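In the part that follows, the structures are each spelled out as structure tokens.
After this come two complexes, each holding subunit A, first together with subunit B and then together with subunit C.
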Partner chain A sequence: MTDILNAIVALSNFVLIPGAAYGAQLALGALGVTLIYGILRFSNFAHGDTMAFGTMATILVTWGLQSMGISFGFLPTALIALPVGIAITGLLLLGTDRAVYRFYRKQKAAPVVLVIVSIGVMFVMNGLVRFIIGVGDVNFADGARFVINARQFREMTGLDEGLAIRSTTLITLITAAIAVALLFWFLNKTRTGKSMRAFSDNEDLALLSGINPERVVAVTWLIVAALATTAGVLYGLDKSFKAFTYFQLLLPIFAAAIVGGLGNPLGAIAGGFVIAFSEVLVTYAWKKVLEYLLPENLEPSSLVQLLSTDYKFAVSFAILIIVLLFKPTGLFKGQSV
Partner chain B sequence: MKKLLLASAATALVAGTAMAESHMGPVKIGIILGFTGPLESITPDMAGGAELAINEVNESGAFMDGTQIEAVRADSTCIDSAAATAAAERLVTTDGVAGIMGADCSGVTGAILQNVARANGVVMISPSATSPALSEAEDDGMFFRTAPSDARQGEIMSQVIMDRGISEVALTYTNNDYGKGLADSFQKAFEAAGGTVTISAAHEDGKADYSAEVASLASAGGEVLVVAGYTDQGGKGIIQASLDSGAFDTFVLPDGMIGQQIVDDLGDGLTGSFGQLPGSDSEGSAIFQEMATEAGINPTGIYTGESYDAAALMILAMAKAGSTSAADYAGEIMDIANAPGEQILPGELAKALELIEAGEEIDYVGATAVELIEPGESAGTFKEIEIRDGAIETVGFR
Partner chain C sequence: MTARGYLLYAGMALLIVLTGFVQGWNLALTILNMGLISAIMSLGVNLQWGFAGLFNVGVMGFVALGGLAAVLVSMPPVAEGWNAGGLRLLGALALGAAILVAAVQVWKRKIGGRMRALVMLALLIGGFFLFRASLDPAVNAIEAINPSLSGYLGGLGLPIIIAWPVGGLLAAGAAWIIGKAALGLRSDYLAIATLGIAEIVIAVLKNEDWLSRGVKNVVGLPRPVPYEVDLQRDPGFVEAAAGYGLDPVTASTLWVKILYSGLFAVVLIAILFLAQRALASPWGRMMRAIRDNEVAAAAMGKNVTARHLQVFILGSAVCGIAGAMMTTLDGQLTPGSYQPLRFTFLVWVMVIVGGSGNNYGAVLGGFLIWWLWVMVEPLGLWAMELITSGMSPDSWLRAHLTDSAAQMRLMTMGIILLAVLRFSPKGLMPER
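Entry: the complex of A and B
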């Protein structure tokens, strides 16, 4: 019995909990990508750097709050700063839309042109973030680091395996759940949300029924700012902030959005978790878990690892290719790419 | 016309031999370092270190009856083997250098060695190429280095761990030449000493999430985790994730992982972790620091002392052989660098030249406590460190 518990604890500690937290971060990022794809109809390559910018803004506000002596008890101060960060990022995105994207929208430019334009925007944001906060690692998490750490868990339960639950992991999961619930409520219940969905489904019909396209676009950017900043801050709290890493996040986020079905919010969430768990599970060495579960004479001497961790990125892209081959619109029905 | 040509050629030939015999012209030493490219920030000081040794000898006038030495700089670019080969070719054919101090990066060093040094029979002493592959490269006895091979660090790391009574470790390395080379040499040394490496897993730098790597490392188990990575890259991510999940408490940190920043960032978590990095507490390094500062060179710059030593070794070997021909002096370099003999510290090159003149043995110690082992590379002195109370403390030298 204890063996089974130990196995479960080991698996949760190293696979389920980190996978869930990473999945939630990817899902929030993928939601932003998918919204832009659904409503503005292009793949926004600047999304990773939007997350970086939002996180940077939040960090700066956090530092301001900390210097004034304000903290949030055992929760990270960055959560108080988050709304301000979202507002600043929203202004930036509305500004870029005004200055850059609107011009191409008026011209009815092909989506591929907008994709290239977004790559340009990506480089500008990239530079902006590095210019303001630098290229180094920034650790801005404060408050309690653990809800329970491995040692405490071992002492409490008497098991051999420890289970660590970080407060940032819990915060990530809870915040992600709240954000997703708010988004779905907004899209399905409010008038603006409905007009956004109408605009996404059929632009011409939406225009005919008197929906103001500029307003829809502006609201979309604001929601994207909220999602991107939240995703970025949660990721930064969980790990740490570094401009380059956020740029690299773009790949798994796009993989998540495409696997789930571009343009479909539910798909983005599912895709985030699929990508996160596939990275961890397929490359997991099952040795420890099997040692607990199997009788002694069957215990493995090798690592029982399907693929070495070198291949973890290959795994998520293999899944991406398989999904696109058999379900070109993604797991949930999205738009075909 | 034909006669005229023949005559002038003959005159030139005679003149040339006459010059060589009377040691009239200066001896040239090529300094080939990456003055442009990824190492451009440290190479000026390295070249300065080498020129410091050359100037010291020139001022003494004790080298081969007062023959002067002239340094000729060339750019290795650090990464472009073709450009480095061309630059070295120029040094040998046009400038006629008697030896090459360089190159800096392992890749271009190998290229120059194979394409230029071996082809023309010129001695190379590199101050900074650390790739283990260079130990096995064919060199016709022409290649030396005053920097230790990463293979050496692998052995030292293995000893450091063994001496603490640890026999089972998990190993992760950054997926590049440095990480892979160090990890392989460490694993070989550790297993030869009877230890077990439960897993050797690569990690990519600058990635979003390291839980997959840590999950596998934790599953494989081990008393400590050896992290052959970089402080501001994946290495830190791995340690952070290991601490968070309680997978490992103690980490072994080689040179790329040691820096105050990571200790500050991770706080208590690193207490008790240990490691090693090149460094010595020798008398020579203190003297060299003074000399370099006086000459306007940054003495704490990495590989500056090694560059001084490389140039000094080459000059002393020439003096001992009484010849600037590589075939004559290459064999003397190991003798000069190692015991027995009178110890020579930086600033004592004039004394060394006099001792050689008098036919006495010398043991060149220099700025970095040089001790050359086969096949002509620095044995390397390493500093063993441990992290205590948020500070990196030196616990010994190896």
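Entry: the complex of A and C
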């Protein structure tokens, strides 16, 4: 019995909890991609760098607060800075839309042209982030490190395995849940949210019924700024901030959005968790869990790791290909242009 | 080529010559060599995007496969490695391939819906464990042999020039697999799929030490041109160098670079010639017809997906050739240095700025953007010094600005791309 409990604790500690946190971060990122796809109808390659920019803005504000001696108790100071970071990112995205995307929207350019344009925006944003904060690793998490650490847990339960819950994990899950709840409330209950969904479903009909497209687009960019900055800050708190890793998040985020069905917010959330859990499950070394579960003579001698951690991209990619081959519109019904 | 084209090419040549006069011929030749390689990559992407409208953002992966070919062809074989587990390893790889083929065959059978899926799944999962069980011991045995110096199987020990077409073949093979899966779906799905395959290729190069030593890098690849030291010892060469008023050291470095330029120029001209012929041929017209209106082309009886697969493989092969040439020029394979911004998206900037659909434009874009990529750093530093000259020498802002000048590159490339897309979307040399 204790063996099974130990196995469950080990599994939660190394797979379930980190997977859930990573899944929440991916889901927030994928929501941004999917919203842009639904409203503006292109795949935004600059999304990873939007996340990096938002995180950078939040870090700068955090530093400012810290130098003024303001902190948030056991919570990271970055959470106070987050709204300001979102506002700065929102301004940047609105500015980008004004200066860059609006021109192509007026022309009714093909989606692939907008994708290439977003590559240009990606270069500029990436350069901006590197220019302002540099390319090094920035660790900006402060406050309490653990809600409960492995030793406390062992003492509390008397099990051999410890369960460490990092405060950033808990904050990620709670913040993500709040953000998603707010988003769905906005999309389903408010007038603006409804007009956004109408615009996404049928642009012509929405225009006929007097919805102002520029307003819908502006609101979309603001929501995307909020989602991207939140996702970026949570990821940065959990790991650390580095401009290049955010660019690499683009692949799992896109995989999550496509697996869930591009343009479908519910799908993006499901896709985020599917991708995150499969990455963690496949790259986890199962030796410890199996030692608890299997009888002594069957215990594995190797690490029982299916793939080395560096192949986590391969996992998101494989899932993406499988879904594309068998269900091209994604798990939930997405749009197809 | 139009008069405008000749003028632009003359301007480009002038830029390189000016660089030679101002910053030294060594740098000018370095830029020229990488410019030639960039132009080939750019031709490859132009085949896919300009001819057929395929959105490939996995250039980096195909370039890296070319680099792998350079190692596999040119390095001497490591006999101890082969004895330790070479054949076992090849056997394991063959087994893995056989499992995949069997799974595909099962899937192609038209019988029994759910049963078929279950059999395929069981075959894949069981096959994976079988594959790992046979691969891992062989890999461990090979990597255990002298890991600091070799620890891999080595190559075939053939002249490195052979690696160039081989690199193209490797890239073509990868393109066939990815094209089979992702072509025929929506355009942005192909983009994501290629983005993914490029990351996977790099992950394989970084992790599979038995293949190309992973992040430990393979250095000292054989060269197709003489070594500088040998030239300096050659009395005939020293005499000839003295005739031009050059000391042997400078003359030998310049001469080696010129030889590389000659080799690369031959490849570039050959590929450019072929690409031009293809563009003017009925095949090229069909490609453009498919690009401009897929539905109409399909109605005329053209097999759109098959043609897309064909041009996707061709373009990726060209990128693979360029990748093998680049690794030859570097003399080493360093998987850590492959970054998507530099090897995928920069090539895209080259194609768009040069003029998509126009081969001469793509080549010009390759040279021009590469020149800018190298030059932005000194120019940026100079601009920053000009901007900050009014500030006090110890102000933090001044220090930060001059330190960050090196990061100007990406921003400049982005602004150039956005400006070209906005004000001259057909590029410097438009397609007719």
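Here are some notes:
In this text, the second predicted complex is superposed on the first by the 327 of 337 C-alpha atoms of A that agree within 3 Å, B and C clash if a C-alpha of one lies under 4 Å from a C-alpha of the other, contacts with A are read in each partner's own complex, and residues count from 1 in each chain.
The working rule: a contact is a pair of C-beta atoms (placed from the backbone, for glycine too) under 8 Å apart; a residue touches a chain by one contact, two chains touch by 3 or more.
This one's a predicted model, so the numbers in the text were calculated from it and none came from an experiment.
When the shared chain is aligned, subunit C comes close enough to touch A:126, but subunit B does not. By the touch criterion stated above, A:13 is placed in contact with subunit B alone, subunit C being left untouched. Contacts of A:134 after superposition on the shared chain: subunit C is touched, whereas subunit B is not. By the document's definition of touching, neither partner reaches A:24: not subunit B, not subunit C.
Once chain A of one complex is fitted onto chain A of the other, the partner contacts of A:310 extend to both subunit B and subunit C. Of the two partner chains, subunit B is the only one touched by A:150; subunit C is not.
Of the two partner chains, subunit B is the only one touched by A:286; subunit C is not. In the superposition on chain A, the residues of subunit A contacted by subunit B and by subunit C overlap at 244, 248, 308, 310, 313.
Touching subunit C in their complex are the following residues of subunit A: 42-43, 100, 103, 111-113, 115-117, 119-128, 130-132, 134-135, 244, 247-248, 250-251, 254-255, 258, 302, 306, 308, 310-311, 313-314, 316-317, 320-321, 324-325, 328, 336-337.
Residue ranges of subunit B in contact with subunit A, taken from their complex: 175, 199, 201-204, 206-209, 211-216, 218-221, 232, 236-237, 240-241, 244-247, 261, 265. Touching subunit A in their complex are the following residues of subunit C: 53, 55, 128, 132, 136, 181-182, 185-189, 191-193, 195-197, 199-200, 203, 206-207, 339-341, 345, 348-349, 352, 404, 407-415, 417-418, 421-422, 425. Contacts from subunit A toward subunit B in the complex involve residues 10, 13-15, 18-19, 22, 136-137, 139, 145, 149-151, 162, 164, 166, 235, 239-240, 242, 244-245, 248-249, 252, 276, 279-280, 283-289, 303, 305, 308-310, 312-313.
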